[in-house]
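Remarks on the structure that follows.
Residue numbering begins at 1 within each chain, and the chains themselves are lettered A, B, C and D in the order written.
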Amino acid sequence: MQTLVNNYMFVGAVIMFGIGFMILLLHNNLIKKIIGMNIMDTSVFLLFVSLGYIKGKEAPIIVGGEISKMGYVNPLPTGLMLTGIVVAVSVTAFMLALTIKLNDMYGTIELDEIQKMRGR
Amino acid sequence: MMKSSIVRHITSLLLPFVQIFGIYIMLFGHLSPGGGFAGGSILGASLILFRFIYGSEATDAKFKATYMMRLALVSLMMYGLIKGYVFVSAFLGWHSVIGTGTPGTLLSGGFIMPLNVLVGLVVAITFYFIAVLFEEGDFNNANTRQ
Amino acid sequence: MKALLASILTLTFIGFLLLAIVEMPAVGSDSSIMHNVVMDKYIEDAMTDTGAINIVSAIILDYRAFDTFVEASVIFTALICIMIVLKRSGSHDEK
Amino acid sequence: MTQTLTLISHTNTSTNFIELVPLLSIMLLMMSAFVMPLLKKKHHIYGGAIGVLGLTGILQLLNVLHINRSGAYTFDIGHFPAPFGIMLKIGEVESIIGLLFVFVNLMIVWYAYFSLEKEIKENRVSFFHTLNLLLLASLLGIVYTNDIFNGFVFLEVSTLAACGIIVVKDKKTNIKAGIKYLILSSLGSGLVLMGIAFVYSLSGHLSMSYIHEALLENMAGKHNTILISIILFTIGLGIKGAMFPLHIWLPDAHASAPSPSSAILSALVIKAPILFLIKIYYVVFGMAIIGETVILDLVLLFGVLGMIFGSLFARSQTELKRMIAYSSVAQMGYIFFAIGLGNKLGLIMAVYHIIAHALTKSSLFLAAGSFIEQTGFKTIDEFKGIGKEMPVTLGIFTISALSMIGIPVLPGFISKWNLAMAAIEIDKIYLLIILLVSSLLNAGYYFPIIINGYFGEDNLDGKIFRSKSKPVKTLLPLMILTILMVLAGFFSGSIITFIERGIYLG
């Protein structure tokens, strides 16, 4: 239990992942599904970035030409998540585009109504 | 297109600063927080703002969609060529043509600064196109309406 | 019914992940296995290796540049996909 | 803290230019994809695409020959070696899968030259080829990479591009199938990324070989995390690779896409995540860790369920392409079954079945596509008597279907036979019954089409097929695929020995 309290960042990220997952499962509205997807992605980013955090150390930018005595936090997770964010943005944009097209074709963005129509 | 003159004037005041800020973040990506993606998003946001405030005709006259598309593709190709050159030269053991420079100055960091600018251009143009496609369904409305 | 099922699934899932969280190193500790020799190399040598003082920039554009190249093509792929979906056919420049 | 890092020594000391091939193929495909949207004329687009694919194919062939002569090699991208930079690792399995992907894609693009415009709008053709080249590059990247995060990024490109080539046809069903695929797939990506986060927290490395070393050192007291990250990877990549209960996106997507896209999707796109999963199992975690968990038994179970239920669902379909799509689910079940056996022969057969299924399913989809294109019909019943009109196409369809069922000499039989051997090797005889039942089910839905196609003249009266058989030149890529499939069966011995040299399991 003490570990969970200490690792509150990870716990928060996991609960956020659960919230996103729940939105994805429960809602039929496509926009809400996309929001749930985004919350899930963000929670993973949060988890990853908090992995690289070291207490009392500085952001990984070398100021003044010499390496700080304080040391720096782990720069690798941050760098990876920059890539991850770009990927998430691209996927979100594509999903929104598909939603717009679906709305043009069916006149609704509720998935259950779309499933009922079975339109060709 | 917005008719409100307050919005138009504020935008015309604000836009240069937004764009300079975006370009600054792109250029100084190796010295300060930021980089190609962040700077490109800001630049793209300024283009989107311009289009939404001043309408598609004015924007298409200024930034032609075909040229923008070509610019993005050429940037991507340049990116690929530079990176391909670096990868291949590393494999063959060649020395870098441009050194790393003095750390902390603008012209340092080898290929990092040009790569940041290229990524920034790609991201800005892509975001602009995506927003325009979402809003209007096409990005050559000025030409088709005639 | 569906809501209940979804809640149970989600709670089980969260519980599973928390089992892993318990075993993870504490947030912010200096001695965890992640802060290893790879990180030290990035921090100590990034300035001399690449000339950039922003270490994150040095990582994404020099040490792991291949990732970033692929990432640029992700954006491009998304643009092409969106153009396929939304671009009206028969517009002016397509003739 | 002081920590020492023993650099895993690489064997390549001399500079051999063939070792540039993997990087060069990926870069070449991506760069030509960036040029593709600028091209307008049809013969420019196809000339460019086929030229680039042909060149890449030749490079891949040279690569396979090089590997055959001097074994596996690693390639560090950029100036920095593996734990700091990104490393590609190319062994026997990777090289032959790369050659397969490029070759099958080349044949499909060749076929698309004659038929794609009939299914999609003309101004989308250049976009289709852009996405196709990006897709192939990303699939090659997934196959070659030795870095899990790099693999994740490539996986995302492949997802987006695959979804793009589904929605390139402007129908309602396509958009619906596309968004279903995209939502499930990005759920899978989220799970994979979380798995990467856990693995990174356990090892501090991203390069597969280094993660393996670090995991073996630090696994004490971390069994839950290891198990959970394996499960996350399995579910995430299982969604992308159509593992049985997670396959729900596949039939819609594969059935509604244009025929060349269907062939690419079923032959290539669902195969690369599985190879990545195999690498995660055996390169990242290793048999020592995987063997202690239940995960292989779970994969075996899902594989069995997929084999049985995929075939049952396929039987109940009325549309031809939907049936073939469900047959893909069943065949992916075979691959998961082979992985789940957990011995060396099983793993070899997983890779061999990837090759066999890619060659077979692409020609099946293309043959079905040319039926549909020539006649305008969609359902299975309407294809009775089609052998009179299109004997060559139906012949190709027949040979491929026979391979799916498992007639001797053809590759489907080879993999089933060896899977049976592998099942006997680990004393699970009851699995043989499942193999037999699934083969019978396969026969149950493929034979009626073939028999009705050749001999079903009873309802031929009053039915006018739109035209005679397609010109032979348009069927040439199909014939080459079929001949290659038969050859893959004939020379299965040497292919299997080649794979065996590079398989990840000692």
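As a convention for this text, a residue touches a chain if its C-beta (ideal position, glycine included) is under 8 Å from a C-beta of that chain, and two chains touch if they have at least 3 such contacts.
Quantities reported herein were computed from a predicted structural model and do not represent experimental measurements.
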Chain pair with more C-beta contacts, B-D versus B-C: B-C
Intercentroid distance (Cα basis), chain C paired with chain B, Å: 21
Separation of mean Cα positions, chain D and chain B [Å, integer]: 36
For chain C paired with chain D, centre-to-centre distance based on mean C-alpha positions, whole Å: 25
Distance between chain centroids, defined by C-alpha means - chain A, chain D (Å): 28
Set of chain D residues in contact with two or more other chains: 30, 34, 37, 77-79, 149, 153, 156, 160, 163-164, 167, 175, 194, 200-201
Contacts with 2+ other chains: residues of chain A: 17, 51, 61-62, 65, 76-77, 80, 82-83, 86-87, 90-91, 93-94, 97-98, 100-101
Multi-partner residues of chain B (each touching 2 or more other chains): 31-33, 35, 76, 80, 83, 86-87, 103-104, 130, 133-134
Pairwise touch network: line, ring, star, complete, or other: complete
List of chain B residues in touch with chain D within their complex: 69-70, 73, 76-77, 80-81, 83-84, 86-88, 90-93
List of chain B residues in touch with chain C within their complex: 29-33, 35, 65-66, 72, 76, 79-80, 83, 86-87, 99-104, 108-112, 115-116, 119, 122-123, 126, 129-130, 133-134, 137-140, 143-144
Chain C to chain A touching residues, read off their complex: 2-3, 6-7, 9-11, 13-14, 17-18, 21-22, 24, 26-30, 34-35, 38-39, 42-44, 46-47, 53-56, 59-60, 64, 67-68, 71, 74-75, 77-78, 81-82, 85-86
Chain B-facing residues of chain C, complex: 47-54, 56-58, 60-62, 65-66, 68-69, 72-73, 75-76, 78-79, 82-83, 86-88, 91-93
Complex contact set, residues of chain D against chain A: 149, 153, 156, 159-160, 163-164, 167, 171-173, 175-176, 178-179, 182-183, 186-187, 189-190, 193-194, 197, 200-201, 206
